[in-house]
């Protein structure tokens, strides 16, 4: 025994015996019937760019649900449950006509609201029976070059919001939509939980580290300065103000917002010009373990959004070797490596994480409101509602 | 509240809040000890063509069980559990000799009935001990160019059936066997539950839709006509009669049968000639999520069966692009897209599905019979039993 | 009924109705908190060769735990939990400096014992807060060209053992380390449970079968002779003595040892020279379903160990076709095909398996000792402990 004790040195804090990690399921998980899933289902979400809804049916996955997006030959977009109400073959193999989409197996025809219009193998084309059949469907609407869907309870469907920054264009500007997860730092579909990216909006401090000290100046020089950051809950979101003292004595004030429930209101980190935010991003939870980002922005030329994609070591993400991914990590590496869902129980949040804490609390409050039967912040049922305005932007100020 | 109500439009029947789908496990699942698994184990099933049983051991998967098929140097086919009764190394790496198959690890030798004949590392070659060891095995028998196996209880083993349509050959005909799932519309192994394909035999109505309106005339013109269909349970199966009125006034009467438990008795949809059915197909459930089809037919030339493989857009299944799979779907697309196992709870069966309902009921009755200790329909224990006859065929009739 | 009984032949011992296989979890499974996992965690295990610990962080998986191995710019190897204690990004994307490794996301810096030395986004670099943060870590030590880690409770950490056969080099010899699972018969990472390989040390009988009769003379002629084998528990392991009568009348006595808990003390099966064992191998359980082997040996030239890799049919494992794997199976095929974890419930152990039984019993005893609060055999807490000596070797004797 004395021999063993002699051999003991003071190894404290080792990884032995640590508890299994857990995550905050009520904030991260998005499937039907989950707390966050029900909250997210109270809002409209983009599920494709306009061209994704076409005569060729397309598989989409949204909030853990597999669905089929199409556009009938009358131009109406439709979003339906994949399995035909008859025998379950997928409408991915369906054929669209002027009135809707027809299943390949026995030809049942459904309109964009799931009504069954024809049953060609039934007597009288299913005259009576077909009225009792409904293909499960979701409401969709197009705006800003995106197709939005509402996956929630019918009697709680809010109006599809308008945003001032996308309504009022400056001279020579046009709107452009992009589905390739600009701002995610990697490919179009990013294999981790959506919350890890959404929280990052509230995290101004990682910029000079991850996008500066580690990977070189990814954006512009002034973004490499350590900011002073303040946060406040404002309307239906969290406003983040990062103030940087410039070498020339001026002040660079950068305001971002995380709009409920998934909106990125983030001015360009390249700071091509000062002023109000140029684009919006929607973090779409595909399922618990994947997300993607749809972006709409005011641009001068077609393709401007795509040119915003970040580069590490001068390369696009998919061009990097494994060693370069290690040497020049970006948002993808930092967030995906947190895990398929981050291990919240193991975090040590510090003063610089106050925005993360506030944003989680704001989400938690909305989850509780919905669970209690109420409507969450940021939804409107007024068709005449004014466009939503943001304070976000990059601002240069001569003095404090 | 008034604001919200103003925003509500009449969205009924949306996909929100729908119950989780379920399937009829007692009809679909095939593993040991399951209701359908026990029913299926009362019949012989093909597990390979004759050449598949060779001196090179071959992995086969049948009814959810992994097994090894081989042929000893005396010409006897054998089907054994993969893991050697000694220490569990796979007999896939075994070596066959005149007497059986020998494990690579310590050389134990087993005959085709699993008896241990040699233990070379044991004193006296395991003289006494080896008699207490049995490698788990299944009875096999060869017929019509196929190797059949019986995976059920030993005391319920029926005789291996003969079929009239394969016993009596017309002038110039020969038998040919094929393992490539002809009739399945895709590759040799099809990734969905076997029942989805087996039920399709009772479904004459999909032919003019899936194989006509959608994918163009895959077979012959008259198959594109909408049939009148009647069904009846006959002997150990379901007989399906599809009657089509031809433009020239004659009547095309096509009879197919679904023989218990997995037999396709389907005359050629190409109708090369009128008359009795030319081939039989066995739908082999590989496991709950995969099946394949073995076919034996009377042919004029070697390769005639392979030439029967269906084409979409003029191409074999594996030659199609993803977009062509969508534009020219066939049986593979219709059935695999029902899901790994179809969602029976979500179906809306109509009058044209009466055959499906009857076939499921017939299967359900057999499941119950076996569960109650009885023998299911279609098994015979009489070695002198006459070959089974079918009514199936393509028949042309001048008048009703 | 008489018809059925007439059809019954005497099929006994078929695979129908056999019970589901089970394995001895308490011996095979290695995760935290499992009986064997806790036993294994009382010993040091190699987790890389010295060069694997470098300024480029490396993912390692040990006993079911994912960890990051690195070396700081002061030359100290470190082994840490991947997810940064702050927000969980992986230290795989971290950057090392003289003092430790820094997370890419917010720059927290940890030394090789997990102490947090810097929090650049916090006031005063986290002056006080950082002392309350510890990155989970494990002790590591370098010896014989390998990096060893101790994953057990801090107060039970034994001294890292020395071995006589690696301490005392003969004239012209040097030590060489190899990470490529020499002796495993396949690739560096072998996809089955570690115990299947470890037990094989006690199994001298498979040599003339698997490595002789099946795959041709893999080693040297005398290894193809059937040995007489005896086993005894000696110190902290099992000693296996295989005696072969040579055609010239001399006796070839080969002694191997299985040292607790994973040590291969196996003289070269190529018998390049007679004498004491030349190398040691550590069977590292990566997780329940994978292992690898680290080897250190006394060699004459760099690369001698790599040249020991076994060949089947004259080829390295990765050069074989599937058919050659079947025709010329080696340790990889025999052991991996036992299953991801061997089915212990289905074994039929014979007299030649006595060593397997003894080795399992020895492991079982250690598991029980640890569960009862004791220290297992073979650990020492004496920093002055003498190097461990083995009896293993290839010996040629003129007479009995």
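The first chain written gets the first letter, and so on, giving A, B and C; residue counts start at 1 in each chain.
Here, a contact is a pair of C-beta atoms (placed from the backbone, for glycine too) under 8 Å apart; a residue touches a chain by one contact, two chains touch by 3 or more.
Quick caveat, the model's predicted, so the values are computed rather than measured.
K.L.:
Considering only which chains touch which, label the overall pattern as line, ring, star, complete or other.
P.N.:
Graph shape, chains as nodes and touching pairs as edges: complete.
K.L.:
Does the subunit A and subunit C pair touch with the same residues on each side or with different residues, judged by whether over half of the numbers are shared?
P.N.:
Different: when the shared numbers are divided by all numbers used, the fraction is under half.
K.L.:
For the two copies subunit A and subunit B, what rotation in degrees overlays their C-alpha atoms? Round to the nearest 5.
P.N.:
120
K.L.:
When the C-alpha atoms of subunit A and subunit C are each averaged to a single point, how far apart are the two points in Å?
P.N.:
Once rounded, the distance between the two centres reads 45 Å.
K.L.:
Could you list the positions in subunit B whose residues touch two or more of the other chains?
P.N.:
Where subunit B is concerned, no single residue meets two or more other chains.
K.L.:
What part of subunit B is in contact with subunit A in the complex they form?
P.N.:
Touching subunit A from subunit B are residues 3-18, 21, 205-206, 209-210, 213-214, 226, 323, 325-326, 329, 333-335, 337-339, 342-343, 346-353.
K.L.:
Please give the residue numbers of subunit C that touch subunit A in the complex, ascending.
P.N.:
Going by the criterion above, the answer is residues 32, 41, 56-57, 65, 67, 80-83, 85-90, 92-93, 95, 104-107, 113-115, 119-123, 126, 129, 132-134, 136-139, 151-159, 375, 380-383.
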